[in-house]
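Common to both upcoming complexes is subunit A, partnered first by subunit B, then by subunit C.
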Partner chain A sequence: MKNYIKLANFEINRVSKLFTVLLGITLIVQIVGVIVEARKYLNMANEKMYEEMMSIAEFLEMFNQMSFIQVVRSVWFLGPIALCIAGVAFYIFLIWYRDWFGRNTFVYRLLMLPTSRLTIFFAKITTIMVMTLGFVAFQLILLPIELLIFKGMVPSDFRNDMGVREVVSSMPEISIIIPGSLLELILYYGAGLLAVSILFTGILFERSFKWKGIFAAVLYGAVAVVLFISPLLLQEFVVDHFFYPLELFLLEIVMGLIIFAGSIWTSGFLLKKKITV
Partner chain B sequence: MKKYWKSTAIIAVIVLSLGTFFVNAATSAEQYPEFVIQKQSGDASEIKPLVLDGSYADTSSASYVSTNLKISTNGSKYNSRSLIDQIIGQPPTLIKDLQEQYRSFMRGKNAWADVFFEDESFLAYADVDYKRGSLKASDFTFSISVLNKKDGNTNTFTVEVPDSGVLSHIFVEDVQVVGDELHLITQNMMPNYEEYHDEKHVYTIDLADQHITHHESIIQFPKEEGEKDLYINAELIETDPTKANERLVFLTTKEIESDHPESSDFEVMNKEIITYNLATKESEVIDVPDLDLMENQLSFYDGSNIYFTRAEGQEFIVTPFDLENEKNGQLLRIPMSNDENGNVLTPMITVNDDKLYAVDSYMNASTNAAITVSDLKSGDPLFEGEIVLKDSLELDSFDLYVHEIFLR
Partner chain C sequence: MIEVKEVEKKFGRKKILKGVSFTANKGEITCLIGINGVGKTTILNAIMALTPIHKGQILIDGEPLKENTFEKITFIPDAITMLPQMTIAESMEFMHDFYASWNQERATELLSFFKLKPNDRIASLSKGNSAKVNLLLGLALDVDYVLMDEPFSGIDMFSREEIANVFTSHLIENRGVIITTHEVGDIEHLIDKVVLLDDGMVTKEFNAEEARENEGKSVIDVMREVYVR
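Right, the complex of A and B next:
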């Protein structure tokens, strides 16, 4: 346990630079986005009202009030989120390969540590999780600040006020990243954790058997996916909707846990017996 | 400890930020107003079995989201939109009750009430299975399950649909069990050149032999040659799935497409009521004396009487028609309320045990939905009341629709 904490802390420190840079980009771009989008709307309002002599009522009837949704739908808001997602996706691979391809093959020292080699796996998957949830937490802190700036810029007659929860639930894409209930959060990120564990196992296959390993990794991924959806296939094609929806849902969770355990076991085996430096 | 500060800080921020958000989300969950049925006169015990399925929407906010609810004498109960409830789904009240009571029998069965039949001794299910082809469905078979409630045995079997080859599709519209026979009433769609041509069929299946003993086409409604704009439609009048009926009632409607080139309205030409007796296998066109079918709506059929309704001024008039003796019953007059624009609200009706339940299908902030229960024999009101907001709460604007009256 102590080794795991040490190693996880070490991995988190290693990613902190990338993490901070991405947070910084998100902070700056999103806040600039709020300002730009609000000004765009206000400039248009000014133009319509002073140059085309529209009254406020006429203007609002034609163009509606501005809501924060317009900011959320802009590339200013979604761009940094996409960048952070890409960053995590990229780092899932980098977290392993940097140990092999960095200066003085660091993995050599990692594997020589007087601890179970599976600890390395756990430390790395924890880092990915912490990084991901860190972005989500940061977005949740940033949103009220952005809403405050938005309120400060757009006069109350011209804006449609929304709370953080309304903003989050207004777009399906955002409500996957920030779901409305704790259960959904656990399910969505649990599924994410499962996917990362499968990817890690695939990476370890490649590190163990090189080119042949890529083939094994793809095969492993395919088997995992088929196993995961097997209750659904069974329900649809074999037992003719025998299960009630809730039972099917629980079966899926059990299947996910089995595959997660399988990935951990396979990774442990590869790390102990097959890995090459 | 110093070298752990980054990890500690990140984890602390995650826990605090997500924690605050989800605690907030849980405590500030959307609050819906509660509705109750308020008695104005009569006996409140008359509405004990009543369950109203409806939907509520707050129209003051920009996003129009409606939420399903059930209103009964116990007040209102909203369907929660939590993930677990979304997974379970929201089957109709009848199906939900059956799933709770007969959990293993209800496995793998479609969740609509039409394909079920229930009485004291049987719970029956019949539906159509078929192969989905790339162009059309084929190999239609009836899959039938009958649960004997007394000994708990289930009789499950499949029967091929006769003449399955000519069908493009077939739907089960009603299931009736009379004695040892199961009657299936279906709508059969057959391709006829480019147009579809529909027929109502009845299949009688002997439950002991598991064979079709009788098959008949009751009503055919093709588009007639030469009269291109004429449309004929036939509908089976649904009955309570918890009662066996020997007589089926169909309403056929002939409509003609209006001449105006810009409008695509249909003009009703003619309506006809046809009954079919499952025991004698005879069908008959019913002539209702002194009743204009164009003005009167066929609103309900309870197995022995058909109930016609029409609005007349401020009154809602219900005319029962006895099929056995072919004569009109006691007329029932129910006063109707107006909404804020002066439009009268016509209620929905259902009949059980010689009592007629009428419920307005809509209410909003300024108009309440009225509920009346009347004795069909004497025509006297047994209960009069309305749906109101609990504790005389005042709301700016909302819509409440009642979709279905269900009697427990």
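Right, the complex of A and C next:
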């Protein structure tokens, strides 16, 4: 356990630069986005009212109040989120491959640590989760600040006020990243953890068997997906909607846990018996 | 004792090791010699479970390698194993954090022995100094066995002399050492046992001192007999 904490801390420190850069980009781009979108709306309002002599009421009737959703739907807001998701997706591969390649082969050091090699797997998967949840937490901190800037820029007559919860629930894409309840959080991020564990196992197949390992990884991924959706397939094509939705939901959770355990076991086996530096 | 028994290893369809067997005792320096591609590094990797073997068995003090075996055996590869952005001091701290067998006193001694600066970044080190840092990180562990892969490869004459001095110092005393090298001349007089490899097999295993005393042959003389036919 002590070694796991030390190694996870070490891995998190290794990703800190990339993490900080992505947070910085998110902070700057989203705040600039709030300012740009708000000014765009206000410029239009000024133009309509001063040049086309529209009254406030006429303007609002024609163009509606500005809501924060307009900012959220812009590339200024979604772009950095997409960039962070891409960053995490890229890092899922980089976190393993950088230890093998380059002038310094750190993988020797990792594999020769006097601890279970699964500790490496757990430390790396923890890093990915901490990184992901870190982005989410940062977004949650950033949202009220952005709402304040928005309120400061757009006069109350021209804006439709929303809380953080409303903003999040207004877009399905955002409500997946920032779930509305603890259960949703566990489900969404549990599914993410499961996907990362399958990818990690695939990477370890490749690192163990090289070209043949890529086929093994694809096969493993396919088997995992089929197993995961097997209750749904069974429900649809075999048992003719025999299960209640709650039963189906529980079956899905059980399948997810089985696949997660299978990924851990397979990764442990590969790291111990098959890995090649 | 490290026992390598009938070890076979394939890369694709090519058999690299074809039933290699030898032993390395504590307190002895065993040198694996062979031309490039004969499988010397593969043997060391296999001992450390860094590559799987297809047949055979490797035992360390009578037991297969387990996670805690890494507290009594260390491997010094020919490439530095620490991250380029780390300093030497941070690398030492990393080792100190993870290994109960880390000997800080010896690490400090090695630091001054090799005249290394703790705040130097790994990325900025010359090949010679990288090799010295590698040796430092390996030898500062209180382990029974040390495996070294080509410690003299591609480094300058003065660094080679410094590294060769390690073999006559107390830093190696009472440890079992397995070393692979091309530059056997640097440590020929220090080697106890020689294992000559050719075509994935052990072609000759002999005691260097006995060959010197009984047959008047140096290690290089025996190598000539085996390889230059």
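A few points about this structure:
Following the convention adopted for this analysis, the second predicted complex is superposed on the first by the 276 of 277 C-alpha atoms of A that agree within 3 Å, B and C clash if a C-alpha of one lies under 4 Å from a C-alpha of the other, contacts with A are read in each partner's own complex, and residues count from 1 in each chain.
In this text, contacts are C-beta pairs under 8 Å (C-beta built on N, C-alpha and C of every residue); 3 or more make two chains touch, one makes a residue touch a chain.
Model, not experiment: these values are computed from the prediction.
Of the two partner chains placed by superposition, only subunit C is touched by A:Val277; subunit B is not. In the superposed pair of complexes, A:Asn13 makes contact with subunit B only, with no contact to subunit C.
Of the two partner chains placed around the shared chain by superposition, subunit C is the only one that A:Arg117 touches, whereas subunit B remains out of contact.
Looking at the shared chain after the overlay, A:Arg109 reaches subunit C, while subunit B stays out of its contact range.
Subunit A has more of its residues touched by B than by the other of subunit B and subunit C.
Within the superposed three-chain model, A:Asn3 lies in touch with subunit C and out of touch with subunit B [touch as defined at top].
Touch criterion met: A:Val130 reaches subunit B, while subunit C stays clear of it. Contacts of A:Glu52 after superposition on the shared chain: neither subunit B nor subunit C is touched.
Shared-chain residue A:Leu182: touches subunit B; no touch with subunit C. The touching residues of subunit B, when paired with subunit A in their complex, are 3-4, 6-7, 10-11, 13-14, 16-18, 20-22, 24-26, 28, 62, 82-84, 87-89, 99, 107-109.
Interface of subunit C with subunit A (complex): residues 45, 48-52, 67-71, 74-75, 77, 79-84, 94, 97-101, 122. Contact residues on subunit A toward subunit C in their complex (touch as defined above): 3, 6-7, 10, 14, 102-106, 108-109, 111-117, 208, 272-277.
On subunit A, the positions that touch subunit B within their shared complex are 8-9, 12-13, 16, 19, 130, 133-134, 136-138, 140-141, 160, 164-165, 178, 180-185, 187, 239-246, 249.
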